[in-house]
Structures are given as structure tokens and as C-alpha cells.
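Following are the structures in question.
Next, two complexes with subunit A in common: one pairs it with subunit B, the other with subunit C.
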Partner chain A sequence: MLKNKTNDKEPLFHVTKRDDVTFSKAMGIRAIAVVAAFVFCMILALILAGINPLKMISSMFSGCFGTQRRIWKFFKNLSILLYISLAVTPAFRMKFWNIGAEGQTLIGALASVACIILLGGKIPNGLLVLIMFVAGVLAGAIWGVIPAVFKAIWDTNETLFTLMMNYVASFTVAYFLLVWTPSGSSTLGMLSYGWFPQIIHEYFLVIVIALILTGVIYVYLNYSKHGYEISVVGESQKTAKYIGINVKKVIIRTMTLSGALCGFAGFLIVAALDHSVTTQTVGGQGFTAIMVSWLGKFNPIAMFATSFLITFLDQGAAQISTEFNIDSAFPSVIVGSILFFIIGCEFFIYYKVNFRHKAKNMVTMAASENIVKDEETLNNEALKQENKTAIDEAAHETTDVQDAKQDVKQDTKQDINQKAATLQENNGKESEQ
Partner chain B sequence: MTIVNYLLSAFSIGIIFLLGATGETITEKVGHLNLGIPGIMSVGAAGGCLMLRALYPVRESCPGFIIVILGLLACFFAAGLLGAFYSFLTVTLHANQNVTGLALTTFGVGITKFIMSRLTKIGAHEYLYALPMFRAPFSNQTNSLKYCGVMTYIALFIAVATSYVLYRTKVGLNLRAVGESAGTADAVGINVSGYKYVATIIGSGIAGFGGLYYIMDYAGSQEAYLSIEAFGWLSIALVIFSLWKPVVCILGSFVFGLLYILNAYASTIFNVKLPMELSPALKTLPYIVTIVVLIITSTKKKRENQPPAGLGITYFREER
Partner chain C sequence: MKKFILALVACLMLFCLTACGSGDEEFKLGVILLHDEASTYDLNFLNAVNAAAKELGLSESQVIIKRNIPESIKCKEAADELVDAGCKVVFADSFGHETYLLEAAKAHKNVQFCHATGTMAHTEKLDNFHNAFASIYEGRYLAGVAAGLKLQEMMAKDSTVVPKIGYVGAFTYAEVISGYTSFYLGVKSIVPEVKMDVQFTGSWYDETEEKNAAAALIDNGCVLISQHADSMGAPSICEERNVPNVAYNGSTATACPNTFIVSSSINWAPYFKYIVTCSKENKPIDTDWVGTIATGSVVLTDVNTKAAAAGTVEKLEAVKADLVSGKVKVFDINTFTSAGAKLTEFMADVDTDAAYTPDTQVIKDGYFSESTFRSAPYFNVEVDGITMLNAKY
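Right, the complex of A and B next:
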């Protein structure tokens, strides 16, 4: 009754997961995506602002590496982005979507500034910096641990919770700015106390600490017991429970760490770079860091490369917008569109598209089909032969049986006849008597 | 009269959140947390304004309602295009929803600022001529009633219609099934990818209306495009606040509106002189209220008040 229609309408392509992708191949796909993205951006710039593509690239390079000052600035920007990306990574490995890095960093910065305003000039600078450090880290940790506690106990959606906390942080900063500036100007200006020590260059220590932290987080995630627990909880909470990991404890501990690292980034922004705070101190880097971390596959060393790329695009595009006198929003257009390409290319690394009419596949499939057919025919012949002998034997047996039966029949017939004869004889005798 | 003005003003600023949140609700009901809503709202506004700018030469000869409809169509198209792109990345290419959404916001807000500032720079910001058409029939009013233009009623209609479709029709049932458990829906024979695409595109288009409404009705200024992003995040908050129900969203948008503009009216209505630094604190209230609602719903564990079970999970048929 059922008609076999499945083979008539095979889909155009079907997607399978691949788990054997080599590192070089993955990097190759990513490189193609980045090149394609750059070409796309050049076309976009040509259409939107009429910029010569070659000039665009050269101005991006000069914007990042044109002068010594720009190179320092480039690595400073990279470091700040890397700090926040490193901070969110432990949480992401645990599949805890902490998109509140923006707020956690901002509140860390605010706490540091609060220390300067309350204690500036009253205690020695070294002590002040230390107190600022503690306050910043603590504030970030508190901002991070609040959603974690609710996640651990009641499974409150952490993505939405941390997102909301960003705005609470932003308005908290706005509130304190109004409290601290009696004139109502809301701008603090550069504060003269609580400066982080500087050696070699203004930004040198910030960059070095970022590199050290990258190594520390790498070791923590890959070679420590905590890092292992984070990975297990991220893979499967049930497995984690089964092998005796306290999931709630891991969630709270990891988010405390994540928030504390964000707070540390906020402290560094205040103490070493800005010496002030506004609602735009973090300026969306908390969100960019999420993308950096994800694109780096939560691997601190790969994240260095991704934050390099993003910083290059951002600073380079900013140079374009000043050089060609176009709107300052141009960098986010460039960064956004390049991110699309990289996000899209991940698909081709982890999945394989099998087309219906792909020639190469057809050949291999045909070949494999032939092999199958050959095997089948061979098997069939062998079977047939076996069957034949079996049937022959069976046939022989049956004839024997039939003969035997006939013999039996004949025997029985003779028996019956004899018995009948004897009976008749007996009957005749009885009647005579 | 100030209290009436306050209520009306709160109601009409709430329409921005209502449109954004209704669009986001449809998207979330199908299992996709679209964090690109701020970008999509911005791009919707930009698309609408570009169309209105293109219609500038024919503004005298063309009837007002046709200009409004064309503006709305362009807005829906621009925002829907971004939504389609989001769906392509997250549904077809299985990309991470949070990352894609954030990238979309970066891109959308950036390109909107780029386009709109260019329009202003070359002296081509003549899209504001359509303001009376969007504010009809109250365009000659001077009080807050003037904000209750045509798009207000469109927004209310969309919210009610969405609620009806989601909870009273077969399409809505299928759509929610996809959001709750895509695998089960697929097994029943529902076209999962199709539902995800259509819901995200329609949702994005509706959210885009929110951006256009803000520029062409509530704010009515050429600088308005700069602040759409903040409304986008508030819309995402409103979805949680209204427990993923478009009709509750109407009430929620009013509450958010009341809280959002409270500091501007507090001194005249309640006769109290609020210290200036309290105004940011009042603006935090919608977010804090949302957090509280989020916590309460997660502790109560009432089934009909939970986020869609498949929210944020990418569905891949061959994975189990």
C-alpha cells in the first residue's frame, strides 16, 4: 500500500557535523572569511562614502601603526579588550552567558574612582592604589555574583539578568557623577591622585599585565582542578553532579572570578589610563569582549589574535573616519560587518554541506555502490550454490521418503489384505460351527 | 492638566517599547533571543526616513496616508532584511544567537548613525515634513495628545493581533511548539526553519516600527536617531517584564513609560522638589523592576510564565 517516494525528492543539500577538522584547515577557512570581509568592507566604503579601497587599507595601517604613539595606543586598546575578554571566558566555558561584562567593568571603575574621591590626598599614593584595586575587584565581583547566586539557586535566566545589570551600573555611575559634581556638569575631569606606577611608557605596565594575565587564565582553565570543573559543568551539569562536583559552588565561584576580573579591568582603566569615570568609560567593549572570547573559541591565546583583529579594525576605521571626514560611527559598521563574516565562517568549520549533485561525492558514492553491488552478487552466487546443493539433497531425501512411504503403503496394504483374509476365514469357521 | 499630560506622554513613549517588545516576543517565542533588536529598531527607522526623504518632492501631490504607508513599508522592509540576515546566520548557519545579536546591534546602530548623519550633513534631513501625517489626527494639538498618532493604534492592533495569533490559532500553537522544543515540533512535521525565519523576520519588522515611531512621532527631531539604541534594550527588558505575553505588554509598556519619564513630571505633579541626582536613579527603575520580575518568575516556577524552553538553543536536526 505504501508507495516508496522517498528517493524521488532528495533535498538539494544536507548538512552533517564534522569532527575531524584539522587546525590548518580551520585557520584557512577563517583566513578566507577575513579576506572576504575586507573586500566586502572596501566595497561598502566605496559605495557609502566613495573611498578608494587602496587608500582605505593604507589609512587603516597608518591609523594603527603609523607612529610610535599610535602603536602604543593600539596595544593599549588591545590590552583593555583582552582583559575584559579574559574575564568573561571562564563563565562562557561553563556555558554561563555573562553578557554583563560592561556593567561589571564600569562598576569596578566607579568603585576605584570613589576611593580616589574619598581618600585622595589623605593617604600615601601606594596605599591608595592598593585600596582602589581591592575596591574595584570587589565591586566587579559583587556585580557578577548577584546573577550567579540566582542562577545557582533558582535557575534564573543569566543572559537577561546580566544584561539588565549593565544598565543599573550605567545609571549608578550617572547618579554618583551628579553627586560628586555640585555644578551639575557630570564631568569629573582628570583626577590627580591614585595613579598607577608607570615605567618605560605610560601604557607599558598595562600591556605587560595583560600578557601575564593571558598566560595565567590559560593555565587556570586548562591545567587546574577549577578549570576542569568549569569544563565539566559547561559540558553537562548532570555529569558534573554525578561525579560529585558541587555545581552551585562552581557557578558562584566562577562568576565571582569573572566579575572580579572585570572589576580589575575597570580599576586599571581608572588608575592607569583615564583617571576618571563617565558612563561611556567602557564604551561597549564589554559587548565586544563577548564576541572576541567566542571567536577565540574561549582559548586565551586565540583570543589575543581575535582582539588584535578587532582592535585593528576599530582603530583603523576610526582613522578612516577622521581622515575622510565621515561619521564616527563608521568603525562600528566595519567591525559589525566583519564579525558577520567570521561568525558565518564558523559554520563551514564545524559542519559539512553535502550537495545532491556534487560531482566528487557522486563518484565516490557510485564507486561505493558498485562495491556493494559486487559484494552482493558474490554473496548471491555463493548462496545460490549452497541452496542448490541443499535443494538437491532435499530432493533426494524426498524421493527416498516417497519410496519408503510407498513401501510402507504396500506393506500395510498386504497386511490389511492378509488380516481381512484371516478374518473372513475365521468368520466362515464360526458360521459353520 | 499636567497629570493627564503625564499619563498621555507615558502611554505614547510606551508605544516605542510596545512595538519593540511585541517584535521581540514573536522572535523569542520561536526560540531565538535576538539581542540585535536595538540595531534592528535603528535600521527600521533609517529605512523609513530614507523612504520619506525620497518622497519629499511629491509631498504636496501625494495623499498623506500613502506617504505614511510607504514609509512604514520601507521601515518594515529594512528591519525585516536585518532580521532575515540574523535568521540566516542563526538558523541556517547555526551561529551563536548572543554573539550574532550583539554583532547585529553594533552593525545596525553604526550604519543608522552613518546614514542619518550623512543625511543631516548634506542638508537632506527633510523627512520631518511627514510629522503631521504620522501624528494625525491630533497633529494640531499642543499637549501630549499630539503623540497619539496613527502608529499608536497600529501598535495596539499589532499587540492584540499577535496575542490572538499566538494563543488562539494553529499557526501560533505550531510557533510556540517550535520555541519550546524544536525537535518535537520537527517530529510532528512542522517546518521548524520556516517558522523560525518567518517569525524572526516579522518580529524584526514590527520592532523596526518602534524606531520609526520614535523619530516620526514621539521625538520629531533630526537628532532622535541617536537614542534609539537605549529603547531597544528597554524593549528586551519589557519582554521579560510582560512574561512573554503581548497583551500584558500593553500594560507593561505603560508602566515602563510612567517610570521612564517620571523625573520630568515628578516635581510638578507631586509638588516635591526632587534632587537632580535622583533622575538617573529613577531611570534605572524599569531595569530593576524587570530584574525583580525575572527573579520572581524563576522562583515561582509557574509553567505559563517561564521563558520558552528552547530560548537560545540552536536546533540541529542531526544532533541528539
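Right, the complex of A and C next:
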């Protein structure tokens, strides 16, 4: 039977879902998390690395905003991360887990470089840039649509498929680097053709286009028929089918867009920044973009904030390494810890932790113990009562079941009799024939 | 919310102020590294710059090091920031950094830019852009002599030993070809009938591939292994299979006590001292600087007497003296043949151009003059006795 003892220990805390999180409350929790993260990191700095915690934090800020050059660099890095994050978001909204942004971006970069190698110096720069743009976007789209077609038709696992496509892209780049460098160095270096136009500052256009694209994707996802279809397919494919959405078409179309946007990012990296390609051109940003998109709840505007945060951490960590002349291990610990706090705090936004109230105050422990004892007896009695009713109910149920069984028995008996009768009839007919 | 933002902005400005506050005119050296301490390649540069700084009495704030800088526009950004921080000399350590560093050099005429392993300084003809390398082929030749002595000893002990050795390379690139050929010629100076198989990995750093390549060579009958690769892949499999190994970039004696013979490496400290001194004294820096075994830029680690043949240390001293005096030339055309014939002339691709056209006669006075017309190696002759197992790279 039931052990009443188990019931007198209320757990130390239990978790309940919050239904009523206001925006300001959510932001408050996030702010607390950020502050806690920095405090934690400052303690780490003091204990692990023996560096001045305040200096460490200030070096993070100066690494990002310390000079005009760093501010440009910061927003350029933010923009590139944002491009790739925006690219993966439509697919994520559809619950299509595209983790192939790295490869889709890289292949876009490779296609753009291929155009420079083949056409550089032979056609006007403007035309070359246009062709690079088309090639990059197309290559990214192709890289994105292949897993989508397999998903739509054969329901293959898109996560594994897109991941594997990353390696295919990386080795494709390695192969072409061998082909393009007969000296065997596998290093192209900066190419002198196909440079994206520059106004105001070399990074200005990259940043502005990122801002425009953020708005466009926001509108596309929230105020267009396509965006609506993506959301419905993401919520439930059956519902989507029911209301007449062609799910296969939406999957393929959205992944084409995702891939194309990645390809565009690859094109921009080549045409506006690196003017070259290596297997490290995307440098893991295709994966970081997943985090940016998730943390931003697939909302392009919020994703600006999350890319800001991650770029800040990256650039800040690099500055710590430079300023304190240490390897990248400790700055990585800092970045990891801060992200841990920030991702962890999302839990506290959606769930509330309720502590056992008797543990609140040690002084009242004795008193509360008495109360607990009283509660215990009460509980016991209540339980007994409960058990009784439960047993009674069970007894009722068993008689019900027995009745039902008898009914069934009678039914089956009747059934069998009927079947036997028809069989006999049939047999009789057959023998007559 | 408004107050919060205001406070944040105020904090930011304060931080910026403290960060920009240093405007003193002391000499500063900037160093751009591809990776950090975790890579043996970059660690070699880090150790050198620290040693040079110590010797020249540079304080910690006078050497600024940027780690983990990829071969992209980020290299130029790093260089720009080092200039902003007041560096008078900026150094980058990876081959792929070159074009980006060159861009920075064009933008900052009053700062000297030095690049290791690069090839473009002598054709770009900028006053403030310089290449540097070391005649590492001398070190590899010496390491090859140590390997040859070991092979000779193994053959003397056991007459069934076939003199075939193996080499794990990265790419079929001049730096690698020059490296394994000089190693082979070193072995050949002791064991004339030696043959060598070369297996390429297609990567500068890939522990698994290097391990697999070394294992394949051992399975193929190679009795001694060397490598041009930075990971512990090849040395560790050699220790496991008890096959003697000649390393590169540093000693592996602690990890491979039974098989490590000796290692050659480039010591960059003399170059760092050179560029700092030049800059301080306002002297021009060589467009192509080549450190040699004579100047201490090419060094061998201590010989592991447990694995090496008896008398190795003495023999290496003697050969080193001959190399320093010029009595022995590594690429002496009388010591090797290519396609069955003596190499009497060879046009090498010294000046980098898009089509990679050979442009310079490099055979003179009876030897292939490596690292003379530019610092980075350009020896890419296929020498008889060496078999490339997978020339796809």
C-alpha cells in the first residue's frame, strides 16, 4: 500500500511554468543575468588568471569601441554574423533545422571567387561584381535546396544532411584551392578584381545592407503570405496540409531562400572584405548564427541585439588576449560563462522556481517542525480518508468491470451462436449443391 | 530605461578614455599570429619573440601580440590596430597573411612590415614591406645525416633491413619539397642506396591524417620516418610501432623517448632582434632576409642518444662545420639526379605571378642556390630515389 512517510518531505524547490511574463519583467531577468555573468567572470579573472577584473571588463569595451576603427570593425563583424543569422531564421521558423549555413555561405564565397578567377580583368568590375553576386546567391541556394528536396520527398533528416553538406563545401574549397594554385601553397591571397563599391567607409555598405535586410526579413516573416505559411508549417504540417498549404513547396522554397541568403553573405565576404577564399573563410559563424537566431527567438529585430552581444563577446575576448598577453583559453572561458548565464536565464523567464517555504528561516525551524508534525497527522488522516475513497471507488470499478465482462461474455455467446447458425445454413446449402 | 542607456553610454566613454590614454613614444613591436600557444608553429614564433624581447630589454608593454588572426581581412585589421597602438614594426607569421599585410603596408608608409615565409616583397618593391625565412634545408640535411647514421646502424645489425625511409608532407609545395629533398640528401650522404617514399596529407595541420600517412608508410616497409607537419600524429605512431623518427619544429623526446632521434627547427629570435634593432637605429631592413645555420637561425635540438646511432653528435658537429664553411652544399648537383640526369640548369618560379612562370636560373657554381633570389624556398625538383605516393596535393 501507499507509504505515508514519503509525503511529509516537500521537495526543496519545485518549478512551475510562468504564464504571465511581461516584457519588462523578462528584460529585468535578462539584465540580472548579464550582471551576474559579469560578476562571475570578474571573480574568475581574479582567481584563475590573476588579472584585474575591472581592467578585464574595460578591455572588453575598449576592444569593441575603443577607437573609431574598432567601432567600424565591430559593426562589420556584427553585420556578417547578422547576415548568416537572418539566413537561417526562415528555415528555423519552419522547424527545419538547417545547420548547414557554414557550408552554404562558404560555397557562395567559393562561387564568387570562381567568377574572379575566370573573369577577373576580362570584363568591367561592375559587371563582374554582378555576376559574382548571382553566382554566390545561386550556389548558396543550390546548397540549401538539396537537403530540402530530400526532406520534402523522402523525409530525410535535415540536421544530418545540412551538417554533412558543410564538409562537402569545405573540401570543395580545398580542392579548388589546389587547382588554382599550381605552386601548391593552397593560398590564393587577396585578389585584385571584383571589389564591391565603397562609399563613406570600406565597411559602410556592408553594415547598411545588413540593416536593410533585417527589416526586409522581418516584414517577410511577419507580414507576408510566405511568412504566414512558414509559421503554419512550423507549428504543424498536418494543419498546414488541412488548410491547403503545399508543405513540400514551402519547405523547398524556404530552404532555397535560406541558402540564397547564406550565399549572399558569402558573396559579400569575398567582394567587400576578404577578396579571397580559404576553408576558414566563414570561420564557424554558420554555427554561431544558430545561437544568434535562437537567442533572438527567430525575430530579426531581436537578433540584431543578440549578434551585438556575441560580437561584443568575441571582439572583447580577443582584446583580453592581446592586452593581457595570454592565450585564447581564458577569454574563451569568459565568453562561455557569459553565454551560459544568458542562455540559462531564458529558463527563469519561462519558469518560476518555488522554494519550500519552511527552509526560508532557520530560526523558525523548531516551530515549523511542530507544525509539520501536526500537518503530518492531518495528512495521515486525510490520506487515510483518500485511500478509503480510493478503495471504495476501486471496488465500484471492479464490480463495474465484472458486470461489463459478463455483458461481453453474453454478447460473444450470442455472436457465436449466430455465426454457428449461419455456418450451418451455408453448409446445408453447399451439401445440397 | 533612458537613465540606464545614459549610464551605459557614460561608462563606455569612460572605458574608451582609459583605453586611448597611452600616447607615449616608446618603441613597440606588433606580432600577428595565425593561432596561439596550442600550435607548435606559432609557439615557435612566440618563444622567439619573448627571447628577443628579453635580450633587447623590451618591456611587456612594448610587444603587442595578436593571436588567432585568420588569413583574411582580419589580418589587415589587426595590423591597422597595431599601428594605432603605436607599433613601429609589425610582424605576421603565416603565409596566407601576406597579401593582407601588404595592404596594411601600403596604408602605413612610416611603419615597417615584416612577413615570415612570404614571397612577394622582392617583386612588390615597397620600402616598408619585407620577407624573411631561414635556410631550414641546412637543418633538415643535418637531421638527415642523423637519420642516415641510424639507418646504417640498423642495416649493420640486421642484414634484412631494406634502406627505405618515409616522409609525411603537407602539400607538394616548394617549402615542403625543398624540405624533404634536403632531408633525403642528408640520409643519402651516409647511405647512398637509400630510397624514400613521401605521403602528402593536404593540410598543414591534421593530426589524424599525419598519423594515417605515417602508419601507411610503415606498413609499406619504411624503416625510418620524418615529417614536415606540426602535429604529434607521425611521431606518436612511430613511438607506438617502435620506428625511429626525425621531427620538425621541436623535440618530441618527452612523448617519444624510444624513437625520437633529433629535430631541426627555425629559431626566429635572431630575426626579431634584427628588425627591432634596425627600426630603432633607423636602418633599412632587408627585403629578403635569410637566417642560416651559421647565424643561429637554423638549429637542431639535442640528439636523443637513446634512439640515435653511436657517434651521431660528433658527426653532426663535423657536417655542421662543413655547411657553415661552405665546403658542403646541400643541393650539390653531383649528389643527385633528376629523371636520370644531372641537373645542369633549372628555371625556378621565384617571382610570383598569376601564371606561376619559371623565371630565374638557379643553378650556379655546381649547386642549386636555394633561398638566394628570395628568402622563401623555391626548390621543387623531383629527385631520383624519392617516390611521391600521392602527388595530388
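FYI, the second predicted complex is superposed on the first by the 333 of 433 C-alpha atoms of A that agree within 3 Å, B and C clash if a C-alpha of one lies under 4 Å from a C-alpha of the other, contacts with A are read in each partner's own complex, and residues count from 1 in each chain.
Note that in this section contacts are C-beta pairs under 8 Å (C-beta built on N, C-alpha and C of every residue); 3 or more make two chains touch, one makes a residue touch a chain.
Note that the structure is predicted; figures quoted are calculated from it, not measured.
When both complexes are superposed on subunit A, subunit B and subunit C end up clashing with one another. In the superposed model, A:S59 lies in contact with subunit C only, and not with subunit B. Of the two partner chains, subunit B is the only one touched by A:L160; subunit C is not. Of the two partner chains, subunit C is the only one that A:T67 touches; subunit B does not reach it. Set against each other, subunit B and subunit C differ in how many residues of subunit A they touch, and the higher count belongs to B. In the superposition on chain A, A:I199 makes contact with neither subunit B nor subunit C. Contact with neither subunit B nor subunit C is seen for A:I243 once the two complexes are overlaid on the shared chain.
Contacts of A:Q280 after superposition: subunit C is touched, whereas subunit B is not reached.
By the document's definition of touching, neither partner reaches A:I47: not subunit B, not subunit C. When the two complexes are overlaid on their common chain A, residue A:L12 makes contact with neither subunit B nor subunit C. In the superposition on chain A, A:M190 contacts subunit C only, with no contact to subunit B. Taken together, the two structures place residues 174, 178, 184, 327 of subunit A in contact with subunit B in one case and with subunit C in the other. Within the complex, the subunit B residues that touch subunit A are 33, 35, 85, 89, 92-96, 98-100, 102-114, 117-118, 121, 233, 236-237, 240, 276-281, 283-284, 287-288, 290-291, 294-295, 298-299, 307, 311-312, 316, 318-319. Touching subunit A in their complex are the following residues of subunit C: 11-12, 15-16, 18-20, 36-38, 60, 63-68, 70-73, 77, 80-81, 84, 95-96, 98-100, 102-103, 171-174, 176, 202, 349, 356, 380, 392-393. Every residue of subunit A that touches subunit B in the complex is listed here, in rising order: 15-17, 48, 97, 99, 150, 154-157, 159-161, 163-165, 167-168, 171-172, 174-175, 178-179, 184, 284, 287-288, 290-291, 294-295, 326-327, 329-333, 335-337, 339-340, 343-344, 346-347, 350-351.
By the touch criterion given at the top, residues 58-59, 61-62, 65-67, 69-70, 73, 174, 178, 182-187, 189-190, 273-276, 278, 280-281, 283, 318, 321-322, 325, 327-328 of subunit A touch subunit C in their complex.
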